[in-house]
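Structures are listed in the sections that come next.
You will see two complexes here that share chain A, one where it goes with chain B and one where it goes with chain C.
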Partner chain A sequence: MNKLILYAAILAAGIAAPFVFPNYTTQVSVLWVMVLLALTWDMQGGQMGYNSLGNIFFFGLGMYVSAVVQVGLFQPVAEYMDSSSLEVFTFTPAEYWTGLVLGIPAGGIFCAIAAIPMGFIFFGLRGPYFAIGTLAVAVAAGELFSTWEWVGAGSGVTMPSFPHHPDLAKLSFYFMNFVLAVACFGTLAWLYSTRFGIAINAIRDDEQKAEGMGLHTTRYKCVNWSIAAFFLGMSGAVFGNLVGFIDPREVAFATITFGIFMVVMPLLGGKGTLWGPVVGAFIFHTFKEATWTYLLGWQWVALGGLIILIVVYFQDGIMGWLMRTKPEWFGIRVEGREREMQEARAMEAAE
Partner chain B sequence: MLDNINILVQAPVFNLALIIDGLLIGAVYALMAYGLALVWGVMNVKNLAQGGFVMAGGYICWWAGQNGIHPLIGLVLAAAVMWGFGYVIFKIVVRQVLDRDLFTSLLATFGVAIVTEQILNILFTSDTRSINLGYDSWVLFGGAVNLPVQKVGAFVLAAILATALALFMKHSRMGQAIRATAQNPRAARVMGIDTERVYAFTYSLNAAICGASGALVAMIWLIQPFYGLAYAIRAFVIVTMAGLGNLPGVIVAGFGMGVIEQYGGFVLGAAYQQAIVVGLLVIVLVIRLMQAQMKREVVQ
Partner chain C sequence: MSAIIEVEGVTKAFGGVVANENISLKVDKGGITGLIGPNGSGKTTLFNSIVGYHPIDAGSIRFEGEEISRLRVQRIARLGLLRTFQQTRIYGKMNCVQNMLISVPHRKMSFWDMFARHGNEDLEKAESLLHFVGLYEKRWLLAGELSFGQQKLLEFAMALMNDPTVLMLDEPTAGINPTLINGLIDRLKRANQEFGITLFVIEHNMRVIMNLAERIYCLAHGELLAEGTPDDIKNDQRVIDAYLGAH
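Showing the complex of A and B:
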């Protein structure tokens, strides 16, 4: 019952936010992107024990796939992406929306498919090798896309411009991000309650035993990554349209910004829990946005410092800390020492 | 791309130019990879801040040069400053994560890398820099190979540093203590080695090595705050290829890395150089993985 009220309150707040604070629509919109990034990272890092540093790869890939679909349906891609040409390409509203509606799922599906062969290669790597290998993929993708002429090389892609009023653009992208984050949360909440969730937790706790019990660990790991990639790809597609301009290194494959944020947020909130990444994303993003304007160029340094601080001194995260100090909030009955002593005393008194 | 390969086949002397360039920069790669191998072997920390340290060293030397200090003294200065920086980073970050799981130390050093690179970006802007001493070039093979004296000097310096380091590790008390700790920390403690001090010393030494390598990179190549990550990945590739505690292997892998990069850059275009580095990492990791799997099958 309490849970239902909580869910309803968050949903209502999410729907009302852009109308109550119209000036902050974009910031809140990015918050939902952050929530999704944190949740999908936690699928591997928290629930399955595979700490990826390169999940941002799917985010950027989805962005590019969607851009190519949106442009390619109606215009020649190579000419559109060529930054030196002065030709202006325009999209009618119908074309724009068709492109968007087809481009976003295309980004998601493409990433979901790409994740499976990648999983077969990378999930053999363990521990830090997996982290560095995936990081290398993300960095390599950024470098390759910034030399690939067909998708605009280093000068990036300017997305088709929104055909209606800019306020409407903000609102529509806000709701796309919101719906994606909620859908992702719902899917994960359901997944973690099924056999799948138990299986990936078993992989985290002891992979060899899990394999010994007859789990097809590689299959589970690939499916897990594929689901994460699906949401990441769609989110990337929306984010590309929201920003309006795709820079291969700074926006799409932003390894040292979004790529590391999505690791730090679940850590801050408490990895391996359903709510941890969400809480972490809320706090991290709020902190980032609140301090952004006052730090004048030093914000990245401060953010790096915050990352070190979280990783070094607060790795349990908020949910982990709460679970340790207030286990009864999570329905965990602890046969506490005080309680036992009280009971013992009561027994003595009764005798 | 085929045109470029054609050039190499038609005029073999170009191969020589590429190999020489690759060896020059490869010496520096080997030097900083050796630093990583030290830290990795002694305290099992995969230091992603390596590249940030290299760039910081390069900028210190460059800045000294701007203020009229000869880069040779600048190199020593870079090593000294980075020694101190490494010590501070060890005390406040690395020391705290030594006993935790490996991902924590990886992430913490990644954070250090971000902070270092961002500070460099604020202090020195994101323009590429290099140190130019205005020495001549030797022209060999009728103009096909152009060999700047400065680069050769940097190569010799790298070789001297590496030799000094190897001798230090072999013969000094501290070097022996470091190797003992790498082999078995508990036994080293029992024997009266202050492993705590050894850890601090090793990490600082690694930072100093990186600082010196950075100064050499600035002489041979270019420095830019955000090139750091690629250097960290290079060091990682070299150590993974060579294996820990394998100094000859690290040197050979470092040279190999330099040469492969030069060839790749020439054949595919200079823009692909960074992509080649990370591509190599993926290949090396996959090869190691396949080796491990083969071993497992043999055991079965």
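Showing the complex of A and C:
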């Protein structure tokens, strides 16, 4: 019951936010992107014990796939992307929306499929090797896309411009980001309640044991990454349109900004928990926006300080800390406490 | 009795160290077979070879008549040949019931079973097995918080949850409080008799293995030294020498 009220309150706040604080629509919009990035990173890093540093790859890939679909449906891609050309391409509202509606899921599906062969290759790597291997993919993708002429190379892609009033653009992308984040959370809440949830936890706790018990470990790992990639790809597609311009290294495969943020947020909120990444994203994004506004010039230093603070003092994150201090809130039973309660009951009975 | 595991001429070397040399043995279906030998005699290497942790250099391993020496760990486990570890392995950050629920047999799992919820049947079986090993009261605790001995019992219960045909136990009593050992022997025997699971046990504790096994193989320096009933082994001068270091 309490849970339902909480969910309803968050949904209502999410829907009302752009109307109550119209000046902050884009900031809150990006917050939902952050929630999704944190949630999907935690699927591997928190729940399955595979710390990926390259999940941003799927974000950028989805962005490019969507851009190519949006442009390619109505215009020749190579000419559109050629930055030396002076030709101007325009899209009618119908063309724009058709492209967007098809481009976003195309980005998601393409990434979901790409994640499976990648999973077969990379999930053979363990621990730091997996982290470095995936990071290399994201960095390499950034470099590759900045030399690939067909998709604009280093000068990036200017996305088809929104055919209505800019305020409507903000609002449209806000709700796309919001719906994606909510859908992602809902999917994970369901997934973690099924066999899938404890199977990936088992892989995290002792993968060799899980193999020895006959678990289809490769299957679980690849499907896990594929689901994450699906949401990341769609989110990237929306984000590309929100920004309006895809820079291969700064916007699409932004390993040192979004690529690191998506790791820091679950660590801050508590990795391996359903709510941790969400809480982490809220706090991190608020902190980041505040420092960018009030500590301009020092914002990266402040952010670095926050990361150090988390890593040194809050290794379990906020949810991990809460679970330790208030286990009864989460239905976790602790031996000592149970015994204390039994003794207390016994004493009451004796009196 | 017919043999369920047949090991023939198995050799396994790590670099220049020959851990197993030309070993042949048979595990009888439905029985309890022991494997003993001094430290470093190649017992765990043989276990690892059988369950597919590493490829063997020569020889053949058959399970229910089927060659398994080229199969991978998960495939062999799904055939119903399961092992427990010497350094107990459980899923530490999950509670005991979750540890049990994920240990269900995976041999018939289809792709979509990944997203199935756990049925009441599984939960009941998990709880009754936890009761069987005496961990029912602690079922909601995180497995990592149990004592070492309790973790061994949990690992044993998880193995039973998997409905194996053969269970290979690597030193089930190592590190367990001596007062609990009798209870464990009793449970191993019951698993064998009531659940019909063939047991293949590595054990250092002579009292345990003599009490438990119907047939014992003894390894020394990577070679098969002796085989026979517990009485044969007890009186075999070569075995006594091997343990006392007369080699």
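The rule is simple: the second predicted complex is superposed on the first by the 334 of 351 C-alpha atoms of A that agree within 3 Å, B and C clash if a C-alpha of one lies under 4 Å from a C-alpha of the other, contacts with A are read in each partner's own complex, and residues count from 1 in each chain.
Note that in this section a residue touches a chain if its C-beta (ideal position, glycine included) is under 8 Å from a C-beta of that chain, and two chains touch if they have at least 3 such contacts.
In this text the structure is predicted, and so the values were computed from the model without any measurement.
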When the two structures are overlaid on chain A, which partner does A:Asn177 contact: first (chain B), second (chain C), both, or neither?
-> neither
Check the residue A:His216 against both partner chains and state whether it touches chain B (first), chain C (second), both, or neither.
-> second
Applying the touch criterion given at the start, work out whether A:Asn55 contacts chain B, chain C, both or neither, answering first, second, both or neither.
-> neither
Regarding the shared-chain residue A:Ser235, is it in contact with chain B (first), chain C (second), both, or neither?
-> neither
Looking at the overlay, does A:Leu191 come into contact with chain B only (first), chain C only (second), both, or neither?
-> second
For A:Gln75, select first, second, both or neither according to whether it touches chain B, chain C, the two together, or no partner.
-> neither
Touching A:Thr40, do we find chain B (first), chain C (second), both, or neither?
-> neither
Thinking of the overlay built on chain A, is A:Thr25 touched by chain B (first), by chain C (second), by both, or by neither?
-> neither
Specify the partner with more touching residues on chain A, choosing between chain B and chain C.
-> B
Which residues, counting only chain A, touch chain C once they are in their complex?
-> 191, 193-196, 198-199, 201-202, 204-206, 208-217, 219-220, 223, 272, 332-335
Residue positions on chain C within touch of chain A in the complex are 51, 73-74, 77-78, 82-83, 85, 89-95, 98-99, 101-103, 105-107, 109, 111, 113-118, 138, 140-142, 145, 158, 162
Which residues of chain B touch chain A in their complex?
-> 46, 48, 93, 96-97, 100-104, 106-108, 110-112, 114-115, 117-119, 121-122, 226, 229-230, 233, 236, 240, 269, 271-272, 274-275, 278-279, 281-282, 285-286, 288-289, 292-293
Given the complex with chain B, which residues does chain A contribute to the contact?
-> 51, 53, 121, 124-125, 127-129, 131-133, 135-137, 139-140, 143-144, 146-147, 154, 255-256, 260, 263-264, 267, 297-298, 300-301, 303-305, 307-308, 311-313, 315
